[in-house]
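One chain, chain A, links the two complexes that follow: it is found with chain B in the first and with chain C in the second.
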Partner chain A sequence: MSLLHVEDLRVHFHTRNGIVKAVDGVSFDLEKGKTLGIVGESGSGKSVTCYSLLGLLPTPPARIESGSALFDGVDLLKVPEATLRTYRGNRIAIIFQDPMTSLNPFMTIGAQLIEPLRIHMGMSRRAATDRAMAALREVGITEPQRRMCCYPHEFSGGMRQRVMIAMGLATEPDILIADEPTTALDVTIEAQILELIRKLQESHGIAMIYISHDLGIVAGIADHVLVMQNGVVVERGAKAEIFHRPQHPYTRKLIDSIPRSAKPAGSTLAETQGGSDFLRIEEVRISYPVASESLFDLHQREYTAVDGVSLQLAKGEILGLVGESGSGKSTLARAIVRLVDLKAGRIRMEEILLSELSGQQLNDTRPEFQMIFQDPYASLNPRMTVQDCLAEALERRGRKDRKELQAEILALLADVELLPEHLRKYPHEFSGGQRQRIAIARALALKPKLMVADEPVSALDVTVQAQILKLLLELNRKYRMSMIFISHDLGVIRYIADRTAVLYQGKLVECGPTERIFNHPEHPYTQKLLSAVRTSRLLEGAE
Partner chain B sequence: MPAFILKRLLQALPVLLIVITASFFMVRLAPGDPFSQERALPVEVMKGLRTYYKLDQPLVTQYIEYLKNIAQGDFGPSFKYSGRTVTEIIGAGLPVTFELGAYALLIALLVGISSGVIASLRPNTWQDYVPMSLAMIGICLPSYVLGPLLVLIVGIWLEWLPVSGWGYIPGDKILPSVTMGFVYAAYISRLARGGMLEILSQDFIRTARAKGVSESMIVLRHALRGGMQPVISFMGPALAGLLGGSFVVETIFQIPGLGRYYVQAAFNRDYTLILGMTIFFAVLIVVFNLLADIVAAWMNPRLRSGKSAGG
Partner chain C sequence: MDNARSSPSLWKDAWRRLSRNRLAMLGLCVLTVMVSLALLTPWIAPYSYSAQDLDLGATPPSGAHWLGTDAFGRDLLTLILYGSRVSLAVGFLATAVALTIGVLWGTVSGYAGGRTDAVMMRTVDILYALPFTIFIILLMVIFGRNMFLLFMAIGAVEWLTMARIVRGQVLGIRRQEYIEAAIVMGLPRSRIMYRHVLPNVLGVIIIYTTLTIPNVILLESFLSFLGLGIQPPQSSWGLLISYGVETMEEYPWLLFFPAATLSLTLFSLNFLGDGLRDALDPRAATD
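Right after this comes the complex of A and B.
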């Protein structure tokens, strides 16, 4: 007898543009004490499936068309809202993806922790406080007494996720739903949180549904795995089975898209390994002023984001820049394209001293170095069509007649594998991957010698991610463009970079040929980073 | 926090100086002076008056003299109400205006917040459309239209309430308070709706729901504090407006408050009274905006600790 039995669940969204079948006939069983992993890309319906069990979907537009979800003899989909509420946060708890936004910023950690205990278990304030502090201790938060009075913004992302877990587990639920609980976290923190979840699940004997886009993580933590695509379960089975012997083509595609191997041999363009100086970054230091806390504090405090980093880049080379949040990798990228000023040091591209340029000179040189940003949803102007966007970039290199301009635009589109009919459309009409192609085309339009890509694929699904990485490699080869590629994802870096630089707290800890870094990391931090990835994911060859 | 308050007060000083300087010279640019009347006074009398009030001295000398006086808290005598100082006149009108403002504020907050919150809970239904349409009307309708309209309907046709005065007949305070408060209720209603909608769409509301918190507690405990931030930021300008913007309502309903003195002072070219009241209102605006910022900071733990979120 399974703990939760879901049968033929169908959830449709009734929007102005028609019906979206978000979940279309999903069935599964969850056994006591076991973990069910649900894998899928965005829009696959994996989160909607779980939210509908708890009545957390906005209705309208969502509507549960059919199905049943039997838990403890009760159909969760049919019971009235008031009854369902007694299950939520009590017998079925959920942890969400983004710990930065999932806690109420206006309430103390303590107030939020004792809330479910007071509601569901009728505890007195004092008893609930004691229980909450015990829960905090259990998730590894020290000094719980003091932390109870803190507000979420005083906690780091990893700490907040620990609080979310404590909140979920305090009521001793039967089922824990974890919706991408580590996606927003750094890899080393991710490894810790996964370990914590695994340990607590075991000691409490809780059944868990673990949702993720990352097949590696799911395969590492789950007993059974569902693979979802477009609202349908395309494959199900024991974890090792799915990972090593995938049956469905989509599952195979998902596995193949995980970037983990070195880039194809002979694809490297760098004329000289490491030594050449197309771009020289010398002893760069960047700091931000921090708000002083008192009026009489005359010393302007500073936060040093990048501290004495030196790097070289050869012509046509791809340099991977790895680091966790706060490592200064994005700040350095912004400084190279002169969006941020240096406090000390120099950046030289060929004969041009980039870090000293200003005014008109800087403006004239800008086409030489271009940037691709992380979020293709936010970095394109929503009121400009693709045509306008590309034409603006092209005309930056001098006015030209219509025909010539149009020909160049079409050539750019072909480069990034978009179609001519896309020209008249606006960014919102495209998917994330297509938007990133537009952003790449825009950067390419200026024929830059240097491309700085700041996490260009981290907002994309794995299959799309693989396409974009392939495209970037091809373009790098075609135009002999040097590239600085920033990512927190070690797999991505290994796939694309010729050389890799590892940043930690604003300092360069290690730099060398990518394969050397991955196979023989020298610095302890690099070793820690790599082992974190290995422990949290089931990778090929493991088990 | 004390450093923040001190900083803001210091910042206010140049603002006040600009207000004083601009209004001092602008008032003087207006044709005529406090003593010009339809039937001209004898030349010697005029001359005597001007000498007595030092109006015969160069403008810059007068300006410096005036600054010196207000630095000591002396706003000077009124030119028109002989024997009374500007401070006395402000002191006399202030309680009435404050009382009117307080009632209007109460109406604005009660009506505005409750209608805004209700609208935000059922967006795009009649519970949303009705209060929001009323709010739109409230924003568009100036008080010099709304006031007489209310007087006509409630006072004259229905004869339910008295139409003028302040504290003479029971119920005569209702119409002016409603007239004053309605516009602010309209603004607050829209701000409250917007703020609540914003907060209710946040992830942490979903978390609260997932914890099994009831809808009413979600609104009261989880959403209201964040949702009211825009309303609180608006309270500064609103309070200043309620206290300093009552000329029209006080004139329509014959209320002996600051606003009516202000209007009369302008007609009379009563230099010291105009300046004194302008400065007084400027100080009010600065102080209330500061108060609103302090309350907003206190309500928001992120701002309270004085730390900014690091990028």
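Right after this comes the complex of A and C.
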């Protein structure tokens, strides 16, 4: 007898533009003490499936068309909201993706932990406080007594997620739903959190539904895996089976898209072997002023984001820049394209001293070094069509007559594999991957010698990610463009970079050919980073 | 030519979308008719605005006087027509002054940031603190009474709020990645402000403008009361309404018709404003 039995669940969204079948006939069983993993890309219906069980979907537009979800003899889809409320957070707990937004910033951690205990379990204040402290201790938060009085902003991202887990577990639920709980976290933190979840689940015997877009993570943590696409379960099975003998083409595509292999042969430009230095970054230091703590504190404090980093880049080379949040990798990238000023050091591109340029001179040189931003939803002006956006970039290099301009725009579109009919559309009409292609085309239009890409694929689904990476490699070869590629994802770096530099707390800890770094990491931090990825994800070779 | 070339799609698409919005088009038609009537008043008005018939006095609407007459026996329709010349001119021109100064000031202040922003915004604060009535009386003492001063006085007050609102919006947009992308492209500041910042604050500007116009039309009657605006026998909607209020119980039509005219204008403005805002936001498109 399974703990939760979901049968033929159908959830449709009734929108102005017609009916969207978000979940279309999903069935599964969840056993006590087991973990069910649900994998899929954005829009596959994996979150909607779980939210509908808890009545967390906005209705309308969502409507549960059919199906049943038997839990403890009741159908969760049919019971009134009041009954559902006694289950929610009590017998079925949920951990959300973003620990920054799912905690109330105006309430202490303690108050937020105690509230559900008092409401759901009718505990006295004292008993609830003891239980909350025990839960905090269990998730590895030291000095729980003191931490209970802290507000969410006083915790780091990883610590906040621990608090969320403590909150989920404090009421001793039967089922824990984890909706991408580690997506917003660094890899080393991710490994710790996953280990924690696994341990707690074992000791409490809780059943868990783990939702993720990352097949590697799901395969690492789940006993059973559902692969979803467009609201339909396309494949289900034990984890090893799914990962090593995928049946459905979509599952195979998902697995193949995970960038984990070395750079494709022949994609390295010959010139890079020469070691001619195209870009030299010398002893760069960047710091920000920090608001002083009291009014009378006249001493200006500074936070050093990048501290004495030196790097070189050859013509046509792709340099990978890896590091966790706070490592200074984005700050360094922004300094190279002169969005941030240096405190010390120099940046030289060929004969030009980039770091010394200013005013008109700087503006005239800017087309030489372009940037691709992380979020393709934010980096395109929502009120400009693709046509206007590319025309503006092209005309940056001088006015052109209509025909010539149109021909160049079409050539750019072909480069990034978009179609001419896309020209009249606005950014919001495109998918994430297509938008990133537009952003790439815009940067290419200026014919830069150096391209700085700041996490250009981390906002994208894994299959789209693979396409964009391939495109960037092709463009790199076609235009002999040097590239600095920033990512927190080691798999991505391994796939695209010729050389890799590892940053940790603003300092360069290791730099060398990518394969050397991955196979024989020298610095302890690099080793820790690599082992974190291996333990949290089931990759090939790891059984 | 430069204008047509530099921002083609957004405006063309906006017009296409606006022309499909029935309410907005209705609003535009009503406003066009009103403005044409105001311009043609001297030729089409049934009577002269100063023609009195004291023996007739206040009469309800009739065949000779479609909207009735006021206490001096003047034709109300004529008064409303002549009044629209003053009210629409004040409404549109003073708002245009406020709009131009406010949007420029706010955009530059918000985009430049730092010390420039601080100095510009403190200037706004100081002007805000100046008592309006005293300001008006000062103007009158120095320059005497004329229509030009009326526009200046109203514009000088109304742009302050516009500048603050626009600056707030620009502050948010300045941090967007598409602005950074434009900086990295090496586009000149003026172009970034004109093409990337302004189109994205238009929605708020339009909404605030449609709120300012009626405000300004009513403000004119207050200024006229102080003696800065126009004086009888000239008329404006604001003046007609304030006289209408005084005699509401005896001659209700003297309040009803001017108020209805003003309301009709405001409705049209709001429909047009909402339509424009939606038309200029590609994401709101239903097609």
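Basically, the second predicted complex is superposed on the first by the 538 of 543 C-alpha atoms of A that agree within 3 Å, B and C clash if a C-alpha of one lies under 4 Å from a C-alpha of the other, contacts with A are read in each partner's own complex, and residues count from 1 in each chain.
Assume a residue touches a chain if its C-beta (ideal position, glycine included) is under 8 Å from a C-beta of that chain, and two chains touch if they have at least 3 such contacts.
None of these values were measured; they are calculated from a predicted model.
Engineer: Should A:A378 be classified as contacting the first partner (chain B), the second (chain C), both, or neither?
Structural biologist: second
Engineer: Between chain B (first) and chain C (second), which, if any, makes contact with A:H120: first, second, both or neither?
Structural biologist: First partner only, chain B.
Engineer: Name the contact category of A:Y303: first (chain B only), second (chain C only), both, or neither.
Structural biologist: The answer is first: A:Y303 touches chain B but not chain C.
Engineer: Per the contact definition in the header, classify A:R396: touching chain B only (first), chain C only (second), both, or neither.
Structural biologist: second
Engineer: So in the superposed three-chain picture, is A:P105 touching just chain B, just chain C, both, or none of them (first/second/both/neither)?
Structural biologist: It touches chain B, and chain C stays clear.
Engineer: Mind sorting out which residues of chain A both chain B and chain C touch, each in its own complex?
Structural biologist: Correct list for chain A: none, the interfaces share no residue.
Engineer: Which bits of chain B are touching chain A when the two form their complex?
Structural biologist: 3-4, 6-7, 202-204, 206-214, 221-222, 225-226, 299-302, 305-311
Engineer: So in the complex, which bits of chain A are touching chain B?
Structural biologist: Answer in residue numbers: 54, 56, 85-90, 93-94, 96, 98, 101-108, 115-116, 119-120, 151, 153-154, 164, 167, 288, 290-291, 293-296, 303, 326.
Engineer: Can you name the residues of chain C that touch chain A in the complex?
Structural biologist: 7-10, 13, 176-178, 180-188, 195-196, 199-200, 280-283, 286
Engineer: Spell out the residues on chain A that touch chain C in their complex, using ranges where they run on.
Structural biologist: Answer in residue numbers: 16, 337-339, 362-367, 369-371, 373-375, 378-385, 387-388, 392-393, 396, 424, 426, 428, 439, 442, 446.
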